[in-house]
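Lettered A, B, C, D, E and F in written order, each chain numbered from 1.
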Amino acid sequence: MVDLIKRAKELIESSAVKVVIGYENGTGNRTRALFVEKTEDADKLIFDSRCIQNLAAYVTKREVKDKGKMAIAATLPVMRSIIQLASEFQVNDNNLLVLGITPESKLIEFENLVEVETFVHQYQIEIDARNKEMLDRLDNMTKAERWKFWIDELAPCFKCYACRAACPMCYCHRCTVDFNQPQWIPVPSHELGNLEWHIMRAIHLTGRCIDCDACYNACPLYIPINLLTKKMMLDAREHFGGYQPALKGEHLMSTYKPDDKENFIQ
Amino acid sequence: MTLGLYPGCSLKGSSREYAESVITVAKAFNINLEEIKDWNCCGATAAHNMNKELSLALPARILSLAEKQGLKEIVVPCAACYSRLTMTKYELAKDPELKAAVTDANGLEYTGSVNVLNIIQMLDKYITPNLDGRVIKPFDHRVACYYGCLLVRPHEILKFDREEDPQSMDVLMLKAGATPIDWAFKTECCGAGLSVSRTSSVGRLSGKIIGDAKDRGAEAVIVACPMCHSNLDMRRDAINSYLGEKIDIPVLYITQAIGLALDLDRKALGLQRHFVKVTV
Amino acid sequence: MAEFEPKIVAFVCNWCTYAGADLTGTSRIKYASNVRIVRFPCTGRIDYMLLLKAFDEGADGIIVSGCHPNDCHYTSGNFHARRRWIMFRSLCDFTGIDTERIKFSWVSAAEGAKWADIVNATVASVRELGPYSEYKKVAKYPEREVSHG
Amino acid sequence: MNIDKRLVRKDSLEKLFDILKQNSKKIFAPSTKNGKISFRDAEKFSGIVTGYVQTSQSSKEVAFPRTEKIFDYSKSKDGMSVKGIDLKDIPEVILWGVRPCDATGIGELSSVFNWDYKDEIYNNRLSKITVFGFSCNNSDEYCFCTSVGGNPGNTEGSDILFTQTGENSDYLAEIITEKGLAIVSLAPDLFEITNNIEKNKFLAKVPVRFNHEEIKEKLDKFFESKEWIEQSLRCIGCGACAYVCPTCACFDIQDEAHGRKGSRVRCWDSCGFSHFTLHTSGHNPRDVQSQRWRQRIMHKFSYMPERLSVYGCTGCGRCSRACPVDMNILEHLISIQEVTV
Amino acid sequence: MSKIGVFVCHCGENISATVDCAKVAETVGNYDGVAFSVDYTYMCSDPGQNLIKSAIKEKGLTGVVVASCSPRMHEPTFRKACAEAGLNPFMCEMANLREHCSWVHDKGEATTEKAIDLVRILVEKVKYNHSLNDIKVPVTKTALVIGGGIAGIQASLDIANTGHKVILIEKDPSIGGHMSQLSETFPTLDCSQCILTPRMVEVAQHPNITLYTYAELESLEGFIGNFKAKIRKKSKSLDEKLCTGCGLCTTKCPVKKIPSEFNEGLGKRTAIYVPFPQAIPNKPVIDRINCTYYIKGKCKVCEIVCPTKAIRFDQEDEIVEAEVGAIVISTGFTVKQPDFFPEYGYGKYPDVITGLQFERLASASGPTLGEIRRPSDGKVPEKIVFLACAGSRDPAKGIPYCSKICCMYIAKHAMLYQHKVHGGKSYVFYMDIRAGGKMYEEFVRRAIEDDGVNYVRGRVSRIYEKNGKLIVSGADTLLNAMPVEIEADMVVLATAGVANEGAEELAQKLHISYDPYKFFAEAHPKLKPVETNTAGIFLAGACQAPRDIPESVAMASGAAVKVAGLFSQDELTREPIIAVVNRQAAPVYSSCVGCFLCVSACPYQAIEKEEIKNRNGEVIKSMAKVNPGLCQGCGTCVAFCRTKSIDIQGYTHEQMYTEVMALLNEY
Amino acid sequence: MMDNLYMPYLMRIERITYEAPGVKTFMLRFVNEADQAKFSYKAGQFGEYSVYGVGESTFCIASPPTRKGYIECTFRQTGKVTNALSGCEEGSIIGFRGPYGNIFPIDEWKGKNLLFIAGGIALPPMRCVIWNALDMRENFKDVTIIYGARTVKDLVYKDELKDWELRKDVKLITTVDPGGESPDWHGEIGFVPTVVEKIAPSSKDTIAIVCGPPVMIKYTFPVLAKLGFADENIYTTLENRMKCGFGKCGRCNVGRVYVCKDGPVFTLAQLKELPDEY
């Protein structure tokens, strides 16, 4: 990503931004986040198909934010996250510059978030085949089978909250699970506590999740928790029409339509 | 470019000149009209009074065939056919069960992907934008644009033009160099449905139309529907006898009028086929 | 063995269903005594976590009820609630939580008889389904053994 | 006691497993789920995975469960009754397939739970565990046991240590403790007398990457370093590293109440969480992630050696493998060693 | 340290017939924190209440649970009793043993068990109750009335006469509204202006009323008792203090051909103009769009002729800020305009006019000085057709509702026509005659029977011109849908009354809701017809739905009383059942992260952004803040908040959680 | 199960005293006399108080070891557990684990002046040692207590303050923040550090024990330094978040020390050795 390196250097040099968030090579074949604060560090910037971590999780991290204006190398999911974050007043044009990376791996710099939004809206959020298949499999199960599936899957969860930490949308200083008066979600990790934590998480992300799979990628136990948010996204689409993160969008769950359709309320 | 064409029965029979003029005008703008193969009657206007499913199955078959033929857009010159095809699309989109039943009845897949254009929409979309400089012999006549009842109704479904006092044809004719008159019978019924059963009624209903056109100084009546044409043209004797005078205002299809403005061959436009001699 | 008596928890709004249930009483319409009503200001206030908590603590069925659309005392709380329920219910369904045990309804202050019907129908259907043992097993109700590793 | 060395035939391993099962032993052995290898109650020998470098989760859970009950209570108008867990109920367990780094980790855990007050719940659990170690034939770029004083064939912490002598080959069994001997006595036939087998040549080669004593010394003067901030900038503050770690012992105590009855449980916690040290007043001694990252490293490489005379790290590399943002502890330790104060 | 008293009521036999009240009291008495528990025949009786009061005092109760009837019945009673005994009233809860238990179940153990459960829930809840105090909100005793039609005039006068200040704003240059345009009024046929203008003058002279004409609401902030309104006074290009209203400028203005709004386009006016002779204020404004000076930069005739030099060409719009405590909206309605009826040729044929235009023709102050002459050539129409329901009650036209006033004014029009054009023939096409109202039906009968108006029941399909006549063709449904054709000289359409253009925008400014037709929505269709859902904002007249004069006036007076009632208090007292965003010590301030999703969920716009700044004025945290004046306590935000940073007093997280726990667990 | 370190003693709340808004003192007695018999502690130690079903909370033992048969604790309602404790009534049973932590080396202080400086809710951890000293008053020279709170209402142990005020062998100075005084207030008005500076107690042969909110501590230390107090003679107690109380759970770990084991009592000299993570 020669363009990215060049641009990062310019931005740092001109003090247009204080830090550029991008990717660098990590251990083995892994990649990881790089925070460029000095021009010479910019040479470490890379971009390729391995770069799947959602860097938007950093734009709300206090230590990163405190550095001053940030620029971020943003793939489509990152851009979506940023738009959603902006709509929730967590970032704005004054503190963030988006260096977009198109699905074709082209660098595209945006003047402001409105442009990012326009760009992002050209693409629908699609669910990949593997996950689609999983969802279909689950849909075809009986309720009892699904229950067993999830209890089994969630049982190993030891509540390290990597899913929460990796998710750009989980920026709350105090998560619901940290709320203890009353203790809605049990703190210890056990079947019930795990179930409730993941249900709660899925609900909180409904209408906000941009389906980047960061939670699943972060999970040290490979628990397919992203299926929950995916399902919520698909259902939300089905019930309320497709949603895209939008700067001034009406949030799916904090709004309603008088003619919302359901078939279960008597 | 290629557009699908659903001629319907009239354009193959009593209104051959409509078909001829549509094709001629289209050709003048390099538009190839590809007829839907193995098409069937659209069922207008009788079927939907008898059996809803059948009345939808017939047009659905046409649309399915068009889909099968790979057509994205078809032009339907006959207002009645247009009305039925559009109505079918609307009904089937609304009701998946009905759609399944119809698909089943036809044994053909129906997705509803084909866009249906009436003649005005087709002209508006593909001809009018390229009309500049092509009008060689402006159709410099006072014309009464007659829309009939099916072209613009029901509005909720067709979403085409204003239901009362439509304007689209007037706008087109203005471009062709004509002076559309303001008159009261644009969407009045010509009696097409009674054309065979109660011919006398046709004289009265169509008579009022022709009478008002004449009273307001029209030199031609412009139509976009074979039914309207046949009533206003072929039944002129009955009209005359109702009005008690002989009126020789010719009735032209809009494609014919435009063809004339483009100075296309009168014969290719089928003008010789009219009962009331086209003198304009 | 005595017949299984399901425990039903009802979450209702103050202005419509609570008042509707009052009317059931005033009209002396009898219904099954398995239900316990918890009063909320509005269905918009009902936290979905409460539904799970009810199951945690051994409820076999749940009724959630409020004002009919457009009748909300607070203009739109029930619309918000409806949207939330739609999503919550589908998530429950996806995770295998038995949505047949959660009855959602609109009962207005004038529908005393409807309230009795809703309760009776819910009690009957939950009785048919039996105790919610799958959930209780996970919630460890009533032993409350906390498992490990 | 002297370490007794025996040969166990490749095919005998399954027999040994079955014999242990017949003697109603609970065996926790590595098995796969979702592509992750963890210790689970093994029913069949065939379900046991081999050939892994390291399991995703450490075996510490068997001795120090992620959630364990401390006691039950029940209230009544007349008073309160509290019932602690019965340590007798803790089952005897064989931990099968433990790598030497994990086995040493158990020792390190023990020093935390015994350095002052003795945690008898932990000790009881530990006393019921027999550790079947398996030396490492392979390693990967995350492994650094040799840098923290261990090695791929380290016998420390294991009751029996098996070393496979070449691919698809027989095992060298080192019987290290009485517990190990007890196992052997259940199936003496399977443990053949053997000549001295040169164990080392079958072990993985793990290079020494840093000097832990040097690191410790360095850390004493390193508290204020900017390096912590730089290293931890990409840390997202989850607890994955702590939860997979064989030596991390931080925990929380929580009550779970249901009316008059309830229980108190001990469950894992992590110094990486921002709420770990948060006071109710809102004051947080370790307010930012760099402080928490520093705490993790300092605790393992400076405070523990000083207070407990053990390092809080066995070089298993799990935390780096599990880290969602590729915080590589080895790399960070090396850079701490390299940075001049 | 909870000491809870439980008071189980027998309600005569209403509860005790099926519930073992003594057992309930006994069982509950054993629960944690219950210090006193007793059953009694009638808790709501004086002795019953005294039982509670004395227990509070003697046992030092910290919470009270009364297990009796529905709280919807006696909650205020018992809370008051607690308050009298010195316990905060919000420390009292009621368990509904009657409506929800004894009346709906048979006698038996299960019923008693349920009763115990119901009491237990509230015992546990009350442990988490907090003393709450009613919220006091100060009241600014000035009302803002928006719209100076008859409704606005009436509301202003009524409020002003109770001694409170009123600011009346009107977007046109004069107040008076549609009523000033009317000729005579049904059913009395008295002259509209004759009864209206004295009221207009009264408004102008009332010491408590400040009148801003040619002014519109720019923005509104705040809440009941404490609104801050910004009013845009559009520039009149005139120094009103200097202007004496002599009218010289209007007679000299060279631009004379502007269609007069007041005369519905049937008359002309000048560019500097007074809408009508009795206008209040009777001072001109310059219509800048048509004024030669503003178009071409020269003319200034008015400035030259003005004897007091009052013309100000460079005057700019002025923004006036006002603090008001209540608002009455009386912006009225409008009628459907041309091209909505292509089939009737409105706009095409000059002699097809609207009812309002007919009013101007029939008015003595109108362009024809009250003679009925048709606009096209000034001839007196010999045959005139009135069409009722032009647009109204026509779902296809998007106006399914009845415009309500047309039946009456058409009868009046026909009657006026018959009175003025002797020998003229008038026809009314109607769907139904809706003449509900005092003397209304009689009035219509008079038109038909005494004045010979021909009523034809049916719809008109089309109007077209033929040989100088308007051919009205329709069907007479009373004659088996026989086609009817009338050759008329003039046609009057009773066009549907619709919401003003911009009604939606205004509603959004005011944060009030509106119906699908953009009419402002009342809080309750039956019981709160003049209130909106936003406290402190009231509706009067046709902005809420088409209304005739008496209704508009009645509504205006109703709204005025609501305002006066509000202003009769120095402070508003509200139940403290409202949402609160948690606050913590610095540096956290609150667990709220400022995502503001609650803002979009709140039906009352009660949640605002609060910015916490450091000493240098830099924003260090944005968080939500609930405005206690606006919050109604629905709790939608509470269930929505991910960080659980909002809680609602009286239904807190702790309380609701505890209720569920207590419901299913013994304590 | 006596091996279970986490098992609390059952304690009955004997008496509840309302101290200040949100602040209460519990007098606790062992439910089992046997527990009472083997229980002993020293000034400065703390315990884990628990409400069954809610959780544990850490605070010091506020009564002096010189008074046998009961222990007292004073706490302010701030979190989940303290809220629940606050909901308990006399006669309720709560849990108690302890004593944990180190002690004030009161024996080492013999023969010296004692200067107690406390702010707000930090008097309770000092009350134990104050009473301990007063109960062996003859061992010390001057005893000075400087105590401040935000408002008069917020002062805790009002009755004891009165006692101390009346005692001739104790010099008590109470102060409230400016604006926090009541009409009948006759104490000082001003922040604690300012008052200390004004009173200017002698540092000669004096041990200073300082306890209070972080801000107070921060500004008091320099004043003491100015008055000539050596770091070794200034004591304070830390209040880190704790769970286990015996050096395992990891929460209170600050540098090399576990506050629960090596503290909570530290001299300023010791504190200066620690990283600033408390």
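Following the convention adopted for this analysis, contacts are C-beta pairs under 8 Å (C-beta built on N, C-alpha and C of every residue); 3 or more make two chains touch, one makes a residue touch a chain.
Computed from a predicted structure; not experimentally measured.
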item	value
Common touching chains of chain E and chain B	none
Shortest chain-hopping distance from chain B out to chain D	2
Farthest chain relative to chain F (centres taken as mean CA coordinates)	B
Remotest chain, chain C as reference, centres from CA atoms	B
Distance-to-centre winner among chains (Cα means, whole assembly as reference)	A
Computed distance of Cα centres, chain F from chain B, in Å	97
Chain centre separation in whole Å, for chain E relative to chain D (CA means)	70
Cα-centroid distance, chain A relative to chain B, in whole angstrom	55
Rounded Å distance, chain E centre to chain F centre (Cα mean)	62
Residues of chain D touching at least two other chains	66-67, 75, 252, 254, 256, 258, 261-262, 265, 281
Chain C: positions in contact with at least two other chains	48, 53, 57, 76, 80, 84, 146-148
Two or more partner chains touched - positions in chain A	173-174, 181, 184, 188, 190, 253-255
Contacting residues of chain A [partner chain E, same complex]	88-90, 171-176, 179, 181-182, 184, 204, 250-251, 253-255
Touching residues (chain side chain D, partner chain A) in the complex	33-36, 38, 56-57, 66-67, 140-142, 229, 232-234, 236-240, 242-244, 252, 254, 256, 265, 267-268, 270, 273-275, 288-290, 320, 322, 324-326, 328, 331
Chain E residues within the chain D interface of the complex	30, 32, 584-588, 661-662, 664-667
In the complex with chain B, residue positions of chain E that touch it	341-343, 348, 396, 462, 464-467, 471
In the complex with chain E, residue positions of chain D that touch it	75, 77, 258-261, 281-282
